[in-house]
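Structures are listed in the sections that come next.
Two complexes follow with chain A in common, the first pairing it with chain B and the second with chain C.
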Partner chain A sequence: MRLLVIARREFFAYFESIIGYVVVALFSALAAALFFLVGDVFFSYNQASLRHFFANMPMLIAVIAPAIAMRVWAEELRSGTVERLMTLPFSIGQLVVGKFLGVWAVFAVALGCTLLAPITVEMLGDLDWGPVIAAYVGTLFMAGAGLAICCFLSATTTNQIVAWMFGACVLLVFNLIHLLATAVFVPRWLAELSLNLDMSQHFNAMSRGVIDLSSIGFYIGVMVVALVANTLVLSSGRFR
Partner chain B sequence: MTHSAQTLRGFALKMLLSTVLVVVLVALLNTFYVRYDLTAAKQYSLSSSTQSLIARLDDRLQVKLYFNQDIRGHEYLLPERLLLLDLLSEIEHLGGDLISVETVDPTADLVASRDAEHVGITAVQLEGQDVGSLSIDLLYQGLELRYQDSSEVIPFVRADEFEFAFSVRLSALIAGEKPTVGLMSNESLLPPQMPGIPRQIPEDRVFEQLRNALGERYTVRDLSTTQQAELDFDGLSALIVARPHQFPAKYLESIKDFLAAGNSVLLLYDSEFVEPNSLQQVAVVTGLESWLNEIGVNVSKRLVYDTRSITIQAGSQQIETPSGMQTVPLQAPYGFGVFAENDSLNTEHQITTGLGSVAFFWAHAIDTTALSNKLRATDLVTSSDQAWLLPADSQLAMSTSNIRELQIKAFASGEPQRYPLVSLVSGLFGDGDETGRLVVCGDSDLFHNLTLQSPENPNREFASNLIDWLSNDSDLITLRSRGRRHRPLHDFAAAYIDSHGGFTDDENENRQLSKDAVAKAHRQQRLISAANIFMPMLLMLGAGARHFIARKRKARLVK
Partner chain C sequence: MAEQSKAVVQVKGLHKSYGDVHALRGLDLEVGAGQMLGFLGPNGAGKTTAIKIISGFIAADSGSASICGFDCESQSLDVKQVLGYLPENNPLYLEMRVVDALGFIAAAHGLSGVQRKDAIDRVVEQTQLQEVYWRQLRYCSKGFRQRVGLAQALLNDPQVLLLDEPTNGLDPLQVVEMRKLISGLRASKTVMITSHVLSEIEAVADRVVVLNHGVKVMDKNISDLADEQLLAVEFCCTEDKLREICQQAHATVEQIVEASKAGRCQALVKANNLAPELVANLAKAAVALNVDVAMLSPRGHSLEHEFRKICHDNGGKE
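Up next is the complex of A and B:
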């Protein structure tokens, strides 16, 4: 219940500034533009499928998730409101998780704004909704993992731009690390590790309609580790 | 130890602990293969037989996909190719460390090109789509499986048959040998192979193409009834009795015992031989009539004439053209060439569910209404409901006059009806206590060399399906129709053409109509794209603007 209070506050605070609306609008517009315009993939593929729509999600999240999460702690640290926040009757862990749930909900709203795409495809052909549901679930979890990382990074700086850049770089690494597996002279264990750590690789099966519990477990795992790290960073004042 | 060092140590310890916990959780989830396939057709759910085959791997399986990436001009192939890659990815995921998948492009990689040639994977030639040119594009879509010292190849793999083709080959690789099917006929045996001399195939071996088609996955054992020797039924997974003629009683007893023991038999039955070139008929006494009647199966002596039939060249005619008189072939439907498709194929049964069509020549109707209590019949293929039975001694000539004559005869012979052409009889045969399966096919020409010589002939797939099912590989066969369902988008251009009354005889008008239709379709596509990009964005920004205006108003009121 306490978590929900913090999450609600964070969620509504986000839409108190114009940035919230701009980020959400930008996300939906970018997602649609990449799907309908880039390479004319959708119309030339000529299938009632959102496969290519979700194929862009890992990279989009790498850009948008840091933008959503950059202010979570950086702004509080910059303005000094974090000290007041600490005096509230919540533990640091609750604050971290609550704020994370708030930004996750913001992302869910942004993702909800892309629902026009499946509705359009359904109107144009016989869309199989199973893969769409699986891909939306996968996107939500992948974004959750990305947001948790970005929340943690936001707690390490007082500058939102730095937090965004840092977050985007880390998420890009998490999305491209699978390329290591294709490199020559990379030992097998390292190749396998790189594939297992890659966020987009875990999303592949879900983007085609298969929900893989191990991938969901991976995303939850990343969230847990990032949120624990976030809590620890805030607990030890020296990392601020 | 200072306070800060203690904090740092605690931080590191907690991080390490949480990371270890998460890694253990993810590793545990990875060991349990829990995946939920939400696609409507369960496209990515591998069959239990494939899963159990992969579980039986005790060595590394290397899968090499020969796949050219550049298929510009043939984008219609993309959905199938994507599905193929997805299925391979599912198999790789299921196999874990034991399966590795490598994709190579023989059009861009010389080594891959040589490898493809070496293993027998060749490119399919596609006609180029460039207007005004005759370019031919190459399409590689072959698969090579390597396991221990053996390898199997699928020269051209299609997504809809992928899992079946893959599993059958994997099964062969693991087992080290193919299952055996017996082919019983009164054809002469092959002469022994002499080193350095090509083997001559005797002319009477009219089921050689069937043997070749089945030979890809089965060892076909020739059981010639012309020999006096005892026939070896040991180890047979199924038996084909092809065009029996004066069937010796002792072999009939063997078949009865085979069925009673719970085995499977495919009977390709004909009451006459038709010589394909002269169309001369020779009456056949199968020697199986009384046994079939005894179990309640009656194969009509009369021939099925169907309005849904194969189109043949029925002569030619001279026509006057601007460049002079020309001879053009005359095409006509040949009623004795029954073309079974759509409602003629039993969509409930695994053998016929994924089939597109089956073509028959001079087929006979099968009646199973008098079947004994212990047996049950399922019609697999029927004629259309516009079919008649004509006397067996009808003229078979493929001339326009005879075709017309046959049509008149058929229409005058009474009300049309649907006739079963292939029926499955299953149950307890004789005194047996195991369920045997007998498929009676009222035509043997559907598997004749002349019919099966084209690799694309759908009867080949029917033959494979029949034997796969009869050989108890029925769990694999359900996977064949995978991915056949396409979900095309609304065709704006076609709708535009329809709304303008369709194409006419005027070529210029048609060209203009096509041009307008394409332009209209592009406009519609641009409109859809713009709506999807700008509508949610404007709505969100509108909501933001509304919120800020309301806040400003409220602030003013408070002031």
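Up next is the complex of A and C:
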């Protein structure tokens, strides 16, 4: 399948330099540190549960997803390799989706490395794997939505740092927008909209082990919108 | 015009602007099968813009371009299947090894298994990349990187090859090697090659098109240019006297280069194939008119002269 040619190149491009290893190590280390060390949350609860591990995921993804996706288009545009890429027999849509799948796979590897946490918990107590698997699925979809947004933002600049900053800011907004609902002066419809658009709110149920199809649908919707926007930005030829 | 009846590349009324800058102003062009077309012009003439439109990388504001009957904009996927493209500055994924970079492009063209291996082996042989086959691109010399770029363009065995400044930044030895590689493609492919180095086009192309300010200002076969060679002459006389000598020798003065230096006059004279009798006639005429000959020197054919003249006439800068 043609998409996989692009996805595979994108995936291996991360691991041909040190960036991929750093991102994977950083994500795993931060996730473990926040769970086991910060605030002594895990040990003080004295439960074989990963709820607090997944509670940190929305904010972690807001930092890590832009770091993974920042180079996707920004580097192609800066180095000029986008010209080589776009004169290969792929449509722009195929390139966008292929690259997205590549970075999603990179995140999946990073997420896979955090499996050490549930394995450790399992060794310390009797872990219920059902909710853990559901939360991992939810994390993967939430990250997919975040990565799609960051891929789109990466196509709007030739500077990776700017792409990372854009991405981190937008994902933070998507994770904190529910706070609008707590404000007194906000109309009801806006409060509901802010709750519906908040990525962390959609993740709450899944972090407790419930696979919520409407939330999965929300993440898929965000991915589709972001990837279409990404395709449109590249088709507009702004950087060509 | 030196256009061929069976056109593989067809460009009609191509216009492209970047803001207020008009890069192309109604370019018309046809390139026949197996032809090697040299695309010449000073910087900013519109060569690269034309190549980018033909490759499908950018869209024209108006007009059309097609390759093998496929429209470069609406049928770009079909165009990309029959096209090999070496962009200006040859952008490469430097973190990749040569073998992986070739493998990626081959896979992008839908080649797999034995087909992919055969295609890679073929282009590695063609471009002599054996030495750096396993090397990361960032550790390859500029010459090898350029060869990798050419090899990538050849992987799908394209009918049409677009080479944008293929010798850009290469040292003289590498230029000669690249020129040999490109010449080796003669007849098997339709090639469009851009350059602002005249000698490069002369060495490899069958036909030359000169662009200036987005307009085609010259379109000739190289063989026709070869018939239009120039002779630099310098006599110890006035300009009028020099013209009289040329008239007697049946030579056409192309340009008076200098007419005041210590009573000497220097000119460029048209000399078809540098006919030896013309040199003799000029010398005889000078002697008959009692004028000393300071120089009679062949200047090769008139491409460089024409190029300078065209660009100068059109206000271009070289």
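Criterion: the second predicted complex is superposed on the first by the 238 of 240 C-alpha atoms of A that agree within 3 Å, B and C clash if a C-alpha of one lies under 4 Å from a C-alpha of the other, contacts with A are read in each partner's own complex, and residues count from 1 in each chain.
As a working rule, a contact is a pair of C-beta atoms (placed from the backbone, for glycine too) under 8 Å apart; a residue touches a chain by one contact, two chains touch by 3 or more.
This structure is a prediction, so every number in the text was calculated from the model and none was measured.
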| item | value |
| --- | --- |
| Combined model on chain A where chain B meets chain C, clash or fit | fit |
| Touching partner for A:Thr114 - first (chain B), second (chain C), both, neither | first |
| Touched partner set for A:Ala32, first chain B, second chain C, both or neither | first |
| Touching partner for A:Phe166 - first (chain B), second (chain C), both, neither | neither |
| For chain A as apex, the angle formed with chain B and chain C - C-alpha centres, to the nearest 10 degrees | 170 |
| Which superposed partner A:Phe141 touches (first chain B, second chain C, both, neither) | neither |
| Partner chain in contact with A:Val210 - chain B first, chain C second, else both or neither | first |
| Chain B versus chain C as contact partner of A:Phe218, first or second or both or neither | first |
| Chain C versus chain B - closest C-alpha approach in the superposed model, Å | 5 |
| Residues of chain A that touch chain B when the two form their complex | 15, 18, 20-22, 24-26, 28-29, 32-33, 35-37, 43-49, 51, 113-114, 116-117, 120-121, 123-128, 130-131, 133-134, 196, 204-205, 208-214, 216-218, 220-222, 224-225, 228-229, 232, 235-236, 238-239 |
| Complex contacts: residues of chain A adjacent to chain C | 2, 5-6, 9, 13, 16-17, 79-84, 86-91, 237, 240 |
| Chain A contact footprint on chain B (complex, rising order) | 4, 7-8, 11, 14-15, 18-19, 21-23, 25-26, 28-30, 32, 34-41, 43-44, 75-76, 78-79, 82, 86, 89-90, 93, 486-490, 525, 528-529, 531-541, 543-544, 547-548 |
| Residues of chain C defined as touching chain A within the complex | 52, 55-59, 77, 80-81, 83, 85, 87, 89, 91-93, 95-96, 104-105, 107-110, 152 |
